[in-house]
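Next come the structures, one after another.
One chain, chain A, links the two complexes that follow: it is found with chain B in the first and with chain C in the second.
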Partner chain A sequence: MRNGLSTFWDGRGFDLLLVGIPLAFLIAISGSALVYNVVMSFQEVGMFTLGSFVRPFAGLKNYAEVLSDPQTWPILGNTAIFVVGSLSGQFIVGFALALFFGLKFPGSTYLRGLFLVSWVMPGLVTGALWSWLLAGDFGVVNFFLRSLGIINENIFWRSDPAFALWSVVIANIWFGTSFNMILLSVGLASIPEDLYEAASLDGANVFQRFFTITLPMMRSTIGALLSLGLIFTLQQFDLFAALTDGGPNNASNVAQYWAWQLSFREYDFARGATVSVMMIIVVIAAALFYVRSTRHEVRG
Partner chain B sequence: MTRVRNVLLIAVALILAAIYLFPLYWMYVTALKTSTAMFASPPIFAPRNPQWGIFASVWQERHMAGYLWNSLVIATSAVVLIAILGVGCAYVLARYRSVWVDAGLFLVLMLQVLPASLMVTPIFVGFSQLGLLDYPRLATVLAITAKAMPFFVVLVRATFMSVPMELEEAALVDGNSRVGAFFHIVLPLARNGILVSATLIFMQAFGEFVYSKSLIQEVGLQPASVGLNTFMGPNSVDWNRIMGYASIYVTPILGIFVLLQRKIVSGLTSGALK
Partner chain C sequence: MQRILPIASAAVMGLALALPSAARAQDPVTITIWTVDKTGQPTPDLAREFDESEPDINVVYREVPFADLMSEALRAFSIGKAPDIFAVDNPDTAMLAANGALLDLTDMIAKSDAIKVENYFDGPMESATWDGHIYGVPKATNTIALYYNKDMFKEAGIKEPPRTWDELIEDARKLNKPDKGVYGVAFSAKASEEGTFQFLPFVQMAGGSYDHINSEGGVKALTFFKTLLDEGLASPDTVSRTQWASTATFNAGNAAMAISGPWELNRMADEADFDWGVALLPVPEEGAQRSSAMGDYNWVIFKTTKHPEAAFKALEFFANQDKDLFQRFGQLPARRDIDIPPTGNDKKDAALQVFLEQMKYAKPRGPHPEWPKISKAIQTALQAALAGGATPQEALDQAAKTIDGIID
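So, the complex of A and B:
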């Protein structure tokens, strides 16, 4: 064992340095922000106390206020609809596409990969595109729906309270479907081919094979993907900013957008922090589930 | 028989891709339309009189050079910082198995999932108290780095896992120091994976919105995502110009993506699930 400074370029110290600095950075920013969030949710934060760390202790007042606010429950309901709608749409369309592109043919990998552009584009651009596609009078989506005879009158997707939330759900499904498809394709590819062969010899049809082989073999992939999808859906912000701004009259507002509005539109940082803390608890619960589903793989 | 099947499947795949990518086509086509053609009913699917001048005029009128420059500065700084901090972290987390490594990984995964829009309140207040908001782009870079580094670590760690450890051990036996073996043997072997992950992070940072919108008040320092948000406004009808802005903003990203598609897809799948 050598002592002193040389350990930092030729020993254990090297590893500690490599992992210690980034973790210290993460804890300094994300970790302390997390703690500060919780602290602020128990404080009275006004314009005058914004600059000082010592603020009046508010106890559970912020939480009581948020929970008794008439806006809260509709917004939480919207959040649930947004999550369930986006997740199921992304997953079902993504799974169907993954199954289709799993029928190997020339160019299938390349074409499948192209779908991922929806996932790497700036969220604001996706939002702008869908704002125009879903426009009321001149939107091309309304044109298609009218041509197909599904609707008779134009739907004002972004400004009609009955549709505003769904306009964001549609855009979010488009955004996330490709990611679901790619990850499901990986899961599909890892199922051994001979399982299917054995099942066909035993006389299983396509549906039986899907429900007795594909789905059970994909269980951990699907678990990981759904919790990852939940995490991503609760991070969605840009599409709300671009499409509806949470309106009209909160009809399309969700908790993660509302938390931001409370802080940066109404300058009510205490309530913004309170809503944030409540949502972070949900996200962390989903993350624990994700870690559990991928644990054997994470450990390698 | 297989040829017929393949032709049929390729045709269906092309149709599916065309439907899925239609929004992008519609963006470019709308940008090229005149204001009257844009509102034609039924819609015009192939513009007869493409207005190529729109790109230059939107570029000028919306001050896109400044916005895109800020996006580039913010995204590049964030990626450099993330790479410097994240590569070593990923390497150590890939090289060892222990309770501590599991704990570190767990911490990284947990920090990865915190939504930016929920973290921005304490970050804004804390940064303003520390005086960091006087340097808004730096503040944004720090916030983006903290948000995106965990994902980078997860992706790059998967790359390091595939580098055989025997090579590093051989280098150590040959008399290299740990630092020497790391820089001369391990890093070059993992270079591709690191570059792909950095590209992915760059594309995300180039489109970042929440932190930029909240932390940067001065218009001259805002990135293109915030510029697009300002342009759109609540009652905007300038759709051809907005689509022109969006085209200019997104085309470089699409170019990078099409060039590196295969590598990006495989890098992403190895990190997120395996």
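So, the complex of A and C:
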């Protein structure tokens, strides 16, 4: 005998309950903030109307203003460079390290664990660290580059518009590489050994094994990793605050930092919200890609 | 035990009934104070002393980093959690006042013995006033002048600190020693209020102002800054370094001159192992008008406070400590009625006289309720010309366009 209520601890109602609780939680914690942000992007928000919900409707004015701002396109370009530069750096170095530690030499697991230190450190600490390393007049990096004869004059990593963005990219690669390495190590470990054995019996060399076995077998790991990486990179804020402040002359400014500057430096909360909404669209696309790449894992 | 308790509580109740006012007075009010002051700077000590001197008032102090000062206060205000007392950077006072966030102190000051308008310098008081009402009490004041390394000057055969911009460039060329890691001059053109603070006095000396930033004077000032960077007389990091960080390079002997304020005096007296002095900011040419920035904070009380009397009492207590502000903390009181006695440190005392002289030419920024946006336009121009390859004229034309849109 089943009545409507009993399905809540056994049956369809229970499933709904399991989905419903986290969903309600998500909506309350993240969703409401997101929606509020979207609403703000269509309003006129002054410094002192920040506390109220009812504000004059601005239509698409904020979007028109952001899109016609001469700063917008350079900053979006920087964001793209930052994302592509950071992701490829993190991924390539992370993959190389994962393959290296996959050789299982003595102590490899401990060393691999130690690499996580960079991921565990707060972004501001990492930023402070790199701001010393990359300092212009007395930086360690400049010292080594000069000693090696690669440069004759100091590079002003944080103040030279040609290098400012790259100094953050370098710090971010250092920051995210270990995370990439750990996820890729897990992916590598899940590839059955006998595939490699069979391939080498057939005479496949190292590169053939890598491109025909390793890469295809890790497709979903890589897809998930890149979409997570994109999200993390678009979230990266601390390094900009600690290293360049988006400067000089916006040379290292990216959308997420600009959104914050608009809101909390110029107190233009509506435009800050508008830039964040534009970023949310990109992140949602990445999130969809992430869900697609990990879907088969759920099905087993 | 069971007998004693009711008796004791009855006695307490009787006492409470007998002394109603005393019992109420023991119910302390709590006021919160937010400033940028770190340990060793005035507010933490003064807040504690006020707390101890007033048994009925508890003081909670919170230090807020400069970069987050306004955004923290605005966020707190918008959700009704603003501090009672806040030290606002003086150019931002108008913005808070114009939007009705601050308690009008005009009447309280009129009745006060400790705080009298006529005792304050005009510039700081002007920055605390909006629309004829007084919303703040100057916390301290400061301005910028030119620090110079006397040992380096002697070594280069320069007898006197530069008096004009041309002399400064000339001296900087002589003092600049890239192979030894020594720059001619250190200053800050960072894209923050600090950049505006350092740049605007030069604009004003050349006859420009924030509402005519692209006038001849503005262009001349920016060209002067650009020359210093283009010739390598100042570190390329000038565009990304704070004043505090820039002057640190002077203290370490890596710059022969530094443009900064009296807040450096205590640190410099401790750190610099060379002979140094302070000179008035050089002017565009002999006989040109002087000008300087006017820095520091105004004490304000947020309108949302539940204890305006207690909060104002705190401001009066702070004002009464102004007389020791320089000796204890190395900061200048914004007061014309206070004679600062010598500290016993010759360099500091000599520097003080220069800063007091320079103070006479200090002008407030604004006051304008949209100051953060105006300032941002000026910073953008600074960065565009010094790091972005724009000419001073182009950069300032763009800034003037933005500023005109703001002030109409």
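Here is the rule we go by: the second predicted complex is superposed on the first by the 268 of 300 C-alpha atoms of A that agree within 3 Å, B and C clash if a C-alpha of one lies under 4 Å from a C-alpha of the other, contacts with A are read in each partner's own complex, and residues count from 1 in each chain.
In this section, a residue touches a chain if its C-beta (ideal position, glycine included) is under 8 Å from a C-beta of that chain, and two chains touch if they have at least 3 such contacts.
These figures come from a predicted structure and were not determined experimentally.
Q: Quick one: on chain A, after the overlay, do chain B and chain C clash, or do they fit? Just give me the call.
A: clash
Q: Between chain B (first) and chain C (second), which, if any, makes contact with A:G136: first, second, both or neither?
A: A:G136 contacts chain C only, not chain B.
Q: Which chain, chain B or chain C, ends up touching more residues of chain A in the combined arrangement?
A: The partner that reaches more residues of chain A in the superposed model: B.
Q: Counting only touches as set out at the top, which of chain B and chain C does A:T72 meet: first, second, both, neither?
A: After superposing on A, A:T72 lies clear of both chain B and chain C.
Q: Could you look at A:E266 and tell me whether it touches chain B, chain C, both or neither (first, second, both, neither)?
A: A:E266 contacts chain C only, not chain B.
Q: A:S88 contacts which: chain B (first), chain C (second), both, neither?
A: A:S88 sits against neither chain B nor chain C.
Q: In the superposed arrangement, does A:A251 touch chain B (first), chain C (second), both or neither?
A: second
Q: After lining up the shared chain so the two structures overlap, which partner does A:N37 touch, if you call chain B first and chain C second: first, second, both or neither?
A: first
Q: In the superposed view, which residues of chain A touch chain B and also chain C?
A: Residues 50-51, 135, 137-138, 245, 263-264, which sit in both footprints.
Q: For chain A, which residues are in contact with chain C within the complex?
A: 46-48, 50-51, 135-138, 156, 158-161, 244-251, 263-268
Q: Within their complex, state which residues of chain A touch chain B.
A: Touch list, chain A to chain B: 9-11, 14-15, 17-19, 21-23, 25-26, 29-34, 36-37, 40, 45, 50-53, 97, 100-101, 103, 105-118, 120-126, 128-133, 135, 137-138, 140, 143, 147, 174, 177-178, 182-183, 186-187, 221, 224-225, 228, 231, 234-235, 237-238, 241-242, 245, 256-257, 259-260, 263-264, 269, 272-273, 276, 279-280, 283-284, 286-287, 290-291, 294, 297-300.
Q: Along chain B, where are the residues that touch chain A in the complex?
A: 5-6, 9-10, 12-14, 16-17, 20-21, 23-24, 26-27, 30, 38-39, 41-43, 85-86, 88-89, 91-93, 95-97, 102, 104-126, 128-129, 142-143, 145-147, 149-150, 153, 161, 177-179, 182, 200, 203-204, 206-210, 213-214, 224-225, 228-229, 232, 234, 239, 242-243, 245-246, 249-250, 253-254, 257-258, 261-262, 264-265, 268-269, 272-274
Q: Please name which positions on chain C make contact with chain A in the complex.
A: Residue list for chain C touching chain A: 68, 70-71, 74-75, 77-80, 95, 99-101, 181, 190-192, 235-241, 249, 254, 372-373, 376, 380, 383-384, 386-389.
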